[in-house]
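Two complexes follow with chain A in common, the first pairing it with chain B and the second with chain C.
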Partner chain A sequence: MIVTILDVVIAGLLMGGIYALVAVGLSLQYGVARVLNVAHGEFIMLGAFITWSLYTMAGINPLVSLIICGPTVFIIGFVLYRAVFTRLRTSSASPAAFEGNSMLACFGLLFIIQNVAILIWGADIKGYTFLAFPVNFWGAVFAANRLVTLVFALVIGAVFYLFLARTRLGKGIRAAAQDPGTAGLVGVNINQVLALCFGFGALMAGLGGTLISMSYKIQPTMGLEYTIIALIVIVLGGLGSIPGSFIGGFILGLVGSIVTYIEPGLALVAYYVIFILLLLARPTGILGK
Partner chain B sequence: MKHKVLAGSFVLVAVAVFLVGVSATNSLAKDKIRIGQAIALSGPLAGGVAIAGGRIYVMWVEEVNKNGGIYVKEYGKKLPVELIRYDDKSDIGTMTKLLEKLILEDKVDFVFPPWGTAWLYAAAPVANKYGYILIGGPGGALKLKELSLPYFFQVLNFSETQAPALADIFKEVGVKSVAIIYRGDLHGVEYGEAMVPYFEKRGIEVKMKKSYPPGIKDLSPLLKEAKSLGVDAFCAASYPPGGMLLTGQAIELGINFNAFFITVTPFSPNLYRDTFGKDVVEGVMGGGAWNAKTSPGAKEFVDKFVARFGMEPDYWGGLYYWSSLQHFQQAIEQAGTLDQKKIRDIMAKKKFNTALGPFWYDKDRYFVNHPGEIGQWQKGVFEVIDPGKKRTAPPLYPKPAWPKK
Partner chain C sequence: MHITTLTSKKFLVAVAIGLIIVILLATVPLYSPGYTVVLLSSILMYIVLTVSWVIFSGPTGYISLAPAAFFGVGVYTSALLGFVLPLPVVIGIGGLVSFCLALLVGALTLRLRGIYFVMFTFGLVELILNFVLWWEVNITGTTGRVVPTVNNTTVYYLMLITFGILLLTAYLIRRSRFGLALQSIGQNEDAAAHTGINVTALKTIAFAISAFFMGAAGAIMATRWTYIDPRIAFNPLLSFMPVLMAIFGGMGQLYGPIIGATIFTYLEEFLITRFPYYYMLIFGIIMVVAILYLPDGLVGLIQRLWKRISERKYAYT
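Let's look at the complex of A and B:
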């Protein structure tokens, strides 16, 4: 019995860690930069494929790839924001119009990135084996790569939280999230900060992709399912809140794990049930303001 | 003013070119056979299309054109074949719309099947409605037999013949109990749930039977539950994403069964054998099956495929689809026309020689001369382990444990 409970709870936490990491980036992009980036999953896919290429072609350890993937995807995100979204933001009549326009642009981005990936890597499923051995917790057994993923997700989340809370740039980002107009007036370079924000969101997606590729097989069209999960998690946890994303991720992971234990056929249904219940009961999310 | 003249003349030229183009296709004699296919080139199924079946159609078209085309008596010459492909984005509704567009707007001469059991099930009535022959590719459903659509031909084998073969193999090697998990869609029902009565009839106890949703991210609870029930064999009806996840998790967690069977995925030498490694997949069973030892034509087909794509074909449907197209070509040539009805009648009755040997359909227009039902990886070869003549190697039981890292 105890083993079963451990099994279900730890499996839920492991899943939740991945969900949280996937959601943090989107939370930042939507919560601060006001871009509902439906191509978020595509950045995860890019991170996963870069890791796969480095591992299978150059034998580079996926954990080392974190240092390569993160910055690469960050630069892509940053440049994209400066090239596309800054323009869109200044030319849109209102913040609401910008949200609509930028979402449409992201749809385009989704198809472009996905198809470029299909051209480069082909549509097939790819994968590699890394840290694929069992780790035993008082009888409950889990894969080492998933445990490593959880640890890294927590560390990355914590580092990022401290960055936002303690540094000057982090304060600038938070100011921009609360009131971009006033933040601009008091000397925050708003275009720069929003672009950085979008870039950091992409960076989190890239890191997520690297970690995901350690325990999942990957394909160029894998992005959308992660985007959807990320959307549910940030609505659950509250927009723009990093602890919120983690709480939302863990709730989703645990519920999924418990429901899978009882009736696997309903696992995904459960996610949407929570989603709807929360929208009805607390539309701003658990930690939303 | 100058701009307007320029623009006006441009429009005129464009219209003229368009009109000439239209009249050319309408009035001139037929110069090629156009075949349409709505299939998943993106979305979750695209990976499956890439490793199983998708390339066979491309290769067949190339092969036909290399020989100058298909001889059609009505036109007194060989007509090259053109394949027009649309991406259904792994969506059934999009697929049926595109299929209708191919038939009604593009007016293609023939259609090729989409990918996947549920997709095939949706496509067959559409093609049949317009009197288009549909030779089933990847996918198969008992439910289609009940509909008895005159223009639909089933090529791939499915639970009807695979489940009894698997149950016979299990009985032969001494499996006493099984756990079955299956994808929560038509594939799962047709290939997974359908196994149960065959096991029960042979006295094999089904201790667990559960479905899972296609997008699930963690299948380890199902593996653990099956292990705790102490079953001899673990069977899964899944598509490549589930099959890869399941195998990966079984290896990571070191969960071993005496027999490990997955419907779709193990048949792929590229995706399955080469991703996990030849030694790791030793003893894994999968739906299928054939290999280069099946027939001289099979060997030739493997060689051609490797030369063209730099990888081996899939060892479930690859040879089935290839041979069905060879049968189709001979039926067209014998009919001497592109008339669907006449070709259909020949296809339904005639036996032609193909890469897998003689190829014909039964009274329900189901292909019956399967090269094999169940395969098992043994030293890097997907051996056919069916009881009887088709066996290329005896079953390996119990399956060796996953190698420790």
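Let's look at the complex of A and C:
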């Protein structure tokens, strides 16, 4: 019995780490750049497939791929923001109109990225084995790759938090999140900072994708599920709060793991029920203002 | 006085053109090949989805991504009741079930504003899809269902009638105090509330009326598919298509969404047969380009061009 509980709790925490990392990226894109990036999961998918290609074709260690994937996906995100969203931001009548328009544009991007990926990699499910030896926690057994995933998710989250809290650019980003107009007045290059934010969001997704590909099967249509989970996590934790995303991610991971233990088909349904209850009761989230 | 005679003349012309189009559409199955009837049914289905989407989302500015949920509810009504009840009754029930679902959902969520509402409606489709999938696999022990079929001409006429009723409803709403109230909600919700408009109630009713027609369309289309499963019935693409078609056509006028839906359905048919592997890719590109460069849609673009041409004419004379 205790082993079963331990099993469920640890599985939930391992899953929660990934959810949290993925949600931090989306939180940044929506919290600062005001783009509700529904194509967020597609960047995860890109990261996962780049890692898969590098590992199966060139034999590059997935942990090394983190260094390759991150910047690649960052550049894609940055360029996309400059090409599409900067223009949309200036042409939209109001911030609310920009949120609507940019979200619809993201749906377009979702279809584009997903189908380009299907053309390159095919629609099949893919996977590879990496660090698959078992690790024992007082009777509950897990694959080592999932543990590595959790550790890296925590480290990346912490590094990013320090970057936002301590560096000059991080301060600029936080200023832009609070009030873009005034931030521009005090010398923050607002278009640059917003594009960087979108890029950093994509970077998080790409790193998340690399980590996910180590322990889960991947396919070009996997993105949307992660996007939805990330959305739920940021609503749960509070928009724009990194610690909130981590708390939300772990809560959702635990809930998912408990529900999967009781009734495997209903995990996604349980997420939605939480999401709906939360939107009705406290739309600002646990750590939201 | 002068203006009223002018508008009534304009109105008469519009009615005359409308009548001619209705007669043409009604007689199509008599002289056209079967393929045209099937294609026109698809076009009408998308028009119904798009125009009913615009009833709610057009004036209020709330982007609803729930059409697939209401459409799928209609599809499942048809599958469950199709063998027991006559088709027109089934269509009516399909619409009513969607209507009630929308009332419930609307009453719960239309207090949410902006992006939260969008996220919620999008989640709703996935929630219902996953729940029905789980229910079918674990409780009824099947994934798909068989729907009683009718011939293509019947599907076409049913869709045409639904479209006619919808158009009339949309027109009357636009002209009524109700429509005006919805528009004021879209422009400034707080101000609308201060003038004594019960904003949540009106939004919920408009949302439910639009859901009624989506459900009816689903109940009709199910009879054409013969076999359905949750992934067909609650296909999320059916949520995006109406949004895209409405934006592409332009939401300022009633005929904008109709033009958008017609062009898009034809384009879809063309792309699927010619470029099956690139279809979704091209679809995505059109979506991004339409949002970037056609803020008022095709109709807005034409109106702008027309204005420029007519202004030049006046400038020279």
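The working rule: the second predicted complex is superposed on the first by the 288 of 289 C-alpha atoms of A that agree within 3 Å, B and C clash if a C-alpha of one lies under 4 Å from a C-alpha of the other, contacts with A are read in each partner's own complex, and residues count from 1 in each chain.
The rule we apply is simple: contacts are C-beta pairs under 8 Å (C-beta built on N, C-alpha and C of every residue); 3 or more make two chains touch, one makes a residue touch a chain.
Just so you know, these numbers come straight off a predicted model, no measurement behind them.
Asker: Between chain B and chain C, positioned on chain A by superposition, is the outcome a clash or a fit?
Answerer: By the criteria stated at the top, chain C and chain B clash after superposition.
Asker: Looking at A:119 after the superposition, I want to know if it touches chain B, chain C, both of them or none. Which is it: first, second, both, neither?
Answerer: In the superposed model, A:119 contacts chain C only, not chain B.
Asker: By the touch definition at the top of the document, which applies to A:161: first (chain B), second (chain C), both, or neither?
Answerer: A:161: touches no partner chain.
Asker: Report for A:231: first if it touches chain B alone, second if chain C alone, otherwise both or neither.
Answerer: second
Asker: Now for A:105: first (chain B), second (chain C), both, or neither, which partner does it touch?
Answerer: second
Asker: May I ask you to decide whether A:268 touches chain B, chain C, both, or neither, giving the answer as first, second, both or neither?
Answerer: both
Asker: In the superposed model, identify the part of chain B that clashes with chain C, out of 37-45, 91-99 or 271-279.
Answerer: Among 37-45, 91-99 or 271-279, only one stretch of chain B overlaps chain C, namely 91-99.
Asker: If I apply the document's touch criterion, which positions on chain A are contacted by chain B in one structure and by chain C in the other?
Answerer: 114-115, 118, 265-266, 268-269
Asker: Which stretch or stretches of chain C touch chain A in the complex?
Answerer: Touch list, chain C to chain A: 61, 63, 108-109, 112, 114-116, 118-120, 122-124, 126-127, 130-131, 133-134, 137-138, 236, 240, 243-244, 247, 277-278, 280-281, 283-288, 291-292, 295.
Asker: Residue numbers of chain A touching chain B in their complex, please.
Answerer: The contact residues of chain A facing chain B are 7-8, 11, 14-15, 18, 114-115, 118, 122-129, 132-134, 141-146, 215-217, 219-221, 225, 256-257, 260-261, 263-269.
Asker: Within their complex, state which residues of chain A touch chain C.
Answerer: Those in contact with chain C are residues 30, 36, 38, 84, 87-88, 91, 96, 99-101, 103-105, 107-112, 114-116, 118-119, 224, 228, 231-232, 235, 265-266, 268-269, 272-273, 275-276, 279-280, 283.
Asker: Touching chain A in the complex: which residues of chain B?
Answerer: Of all residues in chain B, those touching chain A are 41-44, 46-47, 49-51, 90, 181, 184, 210-213, 215-218, 220-222, 224, 240-241, 244-245, 248-249, 251-254, 270-271, 275-277, 404-405.
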